[in-house]
Amino acid sequence: MMDFFKRIVFWRKHRSLEDIGLSAQKIRQIACHEAGHVLVAHLCGDGEAIIYASIAPETSYGGYGIVRNTPDPHFMKISTRSELESAIAKKLGGRAAEEVVFGKEQISVGCSGDLAAATIIATKMVAFCGFSEKLGLISIDIKTAADIPEVRAEAARILDTQYARALNLIGENRHALDELTSGLIERRFLTAEDIRKILARAASL
Amino acid sequence: MMDFFKRIVFWRKHRSLEDIGLSAQKIRQIACHEAGHVLVAHLCGDGEAIIYASIAPETSYGGYGIVRNTPDPHFMKISTRSELESAIAKKLGGRAAEEVVFGKEQISVGCSGDLAAATIIATKMVAFCGFSEKLGLISIDIKTAADIPEVRAEAARILDTQYARALNLIGENRHALDELTSGLIERRFLTAEDIRKILARAASL
Amino acid sequence: MMDFFKRIVFWRKHRSLEDIGLSAQKIRQIACHEAGHVLVAHLCGDGEAIIYASIAPETSYGGYGIVRNTPDPHFMKISTRSELESAIAKKLGGRAAEEVVFGKEQISVGCSGDLAAATIIATKMVAFCGFSEKLGLISIDIKTAADIPEVRAEAARILDTQYARALNLIGENRHALDELTSGLIERRFLTAEDIRKILARAASL
Amino acid sequence: MMDFFKRIVFWRKHRSLEDIGLSAQKIRQIACHEAGHVLVAHLCGDGEAIIYASIAPETSYGGYGIVRNTPDPHFMKISTRSELESAIAKKLGGRAAEEVVFGKEQISVGCSGDLAAATIIATKMVAFCGFSEKLGLISIDIKTAADIPEVRAEAARILDTQYARALNLIGENRHALDELTSGLIERRFLTAEDIRKILARAASL
Amino acid sequence: MMDFFKRIVFWRKHRSLEDIGLSAQKIRQIACHEAGHVLVAHLCGDGEAIIYASIAPETSYGGYGIVRNTPDPHFMKISTRSELESAIAKKLGGRAAEEVVFGKEQISVGCSGDLAAATIIATKMVAFCGFSEKLGLISIDIKTAADIPEVRAEAARILDTQYARALNLIGENRHALDELTSGLIERRFLTAEDIRKILARAASL
Amino acid sequence: MMDFFKRIVFWRKHRSLEDIGLSAQKIRQIACHEAGHVLVAHLCGDGEAIIYASIAPETSYGGYGIVRNTPDPHFMKISTRSELESAIAKKLGGRAAEEVVFGKEQISVGCSGDLAAATIIATKMVAFCGFSEKLGLISIDIKTAADIPEVRAEAARILDTQYARALNLIGENRHALDELTSGLIERRFLTAEDIRKILARAASL
């Protein structure tokens, strides 16, 4: 019932991606990107936090799709190193899905926002948390951390590792990704319940 | 009819390049430059976006020629890596045409604006989009990105690759370039329809 | 009697960690972290300064636990080099306890504040006090000290040494750590007297 | 007639260099410097733009001589690479004349303004126009360009090449330089017509 | 008589170091530090400038001891290189005494102010006075001098040399140092006359 | 007569160096320093510009001696490279005299102002005038020039060369230096005429 209400709100609020002139090919890529976030979140054991996924022109921040999560008030406060690594993998899941399905040359600029968010987490891991063996135990002021070549290099190493993990998880669960993508293209809005059903069906094959 | 109207507006609005004291040689180079943009756009599969090309003193920004395109509201939002590469090739098409026809020593300062615009795209590819294998996956603040030697070096590599592509496309379609150049010198204003006809005639030879 | 009064105040002021949604596993890690501070302080010969240790949502600074000390008005004024080294070991005792008990991958972001405080002491040792043989006798302006790679490298060396010392002290006194951790989980608030009793009992085994 | 009028204006407006205390030797060097600008401009095929050359205390900017040109509204807009190179050679022509006639040790500070102007052109060639093979195709913000060692090194290379060209042109046309120098010392003001006559006479020898 | 008056003023103005909670061990180290300044000053031939030495909580700048000198209006104006070197040795005399008596690990943070003052002199020697053979004759702006690694390295070399000299002087006159230390602990305030007597007695042994 | 008047003004205006507490040794060094400026100026062929030399507390800028010159309105405007080199040698003549007479260890801080002035000239030679073969022809913004290591290194090279020249000139004319020094100590104020006589007498020996 709650889900039914959400769907109504979604359809009243949003125009379709076709309305703003996007081709079927672009819409497929957007759906695939969001499906990537959903899939990696579930495979990293944090799928329950997802409230819904949707593809539509998002007037609030100018994007074309979103995966909405229950906010975690303790994030970056008592998260562990491995939880932060999973958070990065989830952020990069959209890009990884685009690379697996469409190829490296077709990765879209739409992945930049995710990369910026993942870079912030990785930079804090290196500069604040002492989670880089190479830099060792040292706390570096956030205002200057990103200007230090070694910090950037270590953050890039963390990001590369988690991107490889996301690519791997998606490659091994390609069928689930395709089902989520199709679901998003058909319905444009998937509730947590919808996602659970699609993933269960894909897993049963 | 629409085209006829546009031509009238153009001739009412602009003085000729001769009026502001430019030699026939300089006018030929300006026409060749704009023809280069048009040709590379068509060969990269984005020719339909062109509304018109013209050579005349442009009072709005102080230049001597322009290729006007239908604006793409999704550019740099869901463009793919290969679309950005083509956008760079098109920006550098004017300069490439000057080099092919007049030689390296005669390339004009007029290409600087295009180079600045192409550099911005290339820098974002490297610093925001994670499209440089050498820097890897990392997002760098735009205010400092251009100050980092590795970012500049990677952006220059992308620009060099796309410039080589533009040089190549123009070298292989020299006849079409010359026809577009002559058309611009004769008429000073070419509609999308004019351009299509010239390219079709050149292709049929 | 005083202790009894403190306990009352504590329970009136604080909600429990369970109330703000933390799992038993997270609460165990928080207790272990604070126990690490207490244990290293005692083993470095500065345990008397501790007034109490507690785990609870700290509204004043947003943390989840605290070890409260009698403030030392002479700290960083006539402290000796070896006293500053012990101060760093104590600051890093929480993190060391997390690593020993839960493993490197489970160290939490909660250690960042301690690391920042320890880094400030280590940086002053290197840049103000001439306590780095590598940089030698030189006083460097605090505003720029942290931007100098050699200062950061020497501070990191001091921090690594003291972290190794903390890891070692905790490894050799694991039983005492576990007792303090259990005490904190059960009672949430340990007075200086409680701590003394737990440590005495652990030592007598 | 026009020239006659200009001469009257010049003599009414200016005191002589002797009046401000300069020795015959200094005056000869100033005349030689301006003659160098005139000669290199003519040999680089841009002599027609010169309106007059003069040596006298210039109250407007505090200098001691000037070569006045018809301003080119298209300069740095559609100039070619080779035109910019010639513009640099002309700017450095004064210094080159001083070196050829008086020797390296006697080059005067008066050449600094020319060097600054030539450096700006060379820096733009490297940083804006992509005219340095070493830096490649890249556009660098003018505010930071001069702070980048590679940009400075490439600009210095362009300046050195054009200075060598100016030295060479003056060395091969020493007689014309001496005649222009003598003409300036005798008359203090040479119109375009005067310059043409002196150069024609020198060429006929 | 004058000395008697000074003693009265001192005792009226100051509480004792015991009053602010310092241990006998800390008080001994403070006395030793001030004795180091006094001794090195006398051995470098500038002992006459000392008015008094004392150990007590200094409310004016928050320190625990002081050696008061007659101010030299010509300092850093016509001082010679060797006079500046002695000034540095005197500033580092307190730290040297702590190292000789208590060992390297027990040097206190209280030496930081002296080190900062000595660093300023050493930096000016290198950056203003041309007193570093390695940097040679060059004057560097004080605002940026300390940011230049070679300046810091040369200043550190000067400081190390003078610290070695101070260590040596104190090592060779250990008995005098101990007598001055004891005198300060007993009386807390030593006039120039007191100091002279202690040094004479120590020398006569 | 004029000279007589100047002497009266000098004596009315100034207290003696003894009045402000300087020793005979310090006064001799100050006199030697000013004598060095006078001697190097004369030997570099610019002695006529000197109006007078004096040693006394200079209230206007806080110094202890001065060599006053007729200001040259054309300095740094049409000065030649060799004239700038001589200007540097003159500025460093005071320091050179101190080194020759008292030894390297006794050079005084009083030379810093001269070194700063000489460094400005040398930096402009390198950064504005293209007078460094190593940096080549390039004009560098004065605000950043001194921050560039190569500019500082080249300026230091020019300063070292001219200091060596000054040392040499003074070494070869030691008798004249001593006479000028004695003259200054005796009379405290030497007019151009006094200086000429002392130098003539010294030369005749």
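Letters A, B, C, D, E and F mark the chains as written, and numbering starts fresh at 1 in each.
Here is the rule we use: a residue touches a chain if its C-beta (ideal position, glycine included) is under 8 Å from a C-beta of that chain, and two chains touch if they have at least 3 such contacts.
Treat the numbers as computed from the prediction; the structure is a model and nothing was measured.
Least step count on the touch graph, chain A to chain E: 2. Taking the mean of the C-alpha atoms as each chain's centre, chain B and chain D sit 36 Å apart. Spacing of chain B relative to chain E, judged by their CA centroids, is 71 angstrom.
Residues of chain F in contact with two or more other chains: none. A ring topology is adopted by the chain contact network, closed into one cycle in which each chain touches exactly two others. All chains join into a single ring; listed from chain E onward through chain F, they run E, F, D, B, A, C.
Chain B makes touch with chain A in their complex at residues 73-74, 76-82, 84, 124, 128-131, 135-141, 144. Taken together, the chain C residues at the contact with chain A in this complex read 20-22, 26, 29-30, 62-64, 92, 95, 102, 104-112, 115-116, 118-119, 146-147, 152, 155-157, 159-160, 163.
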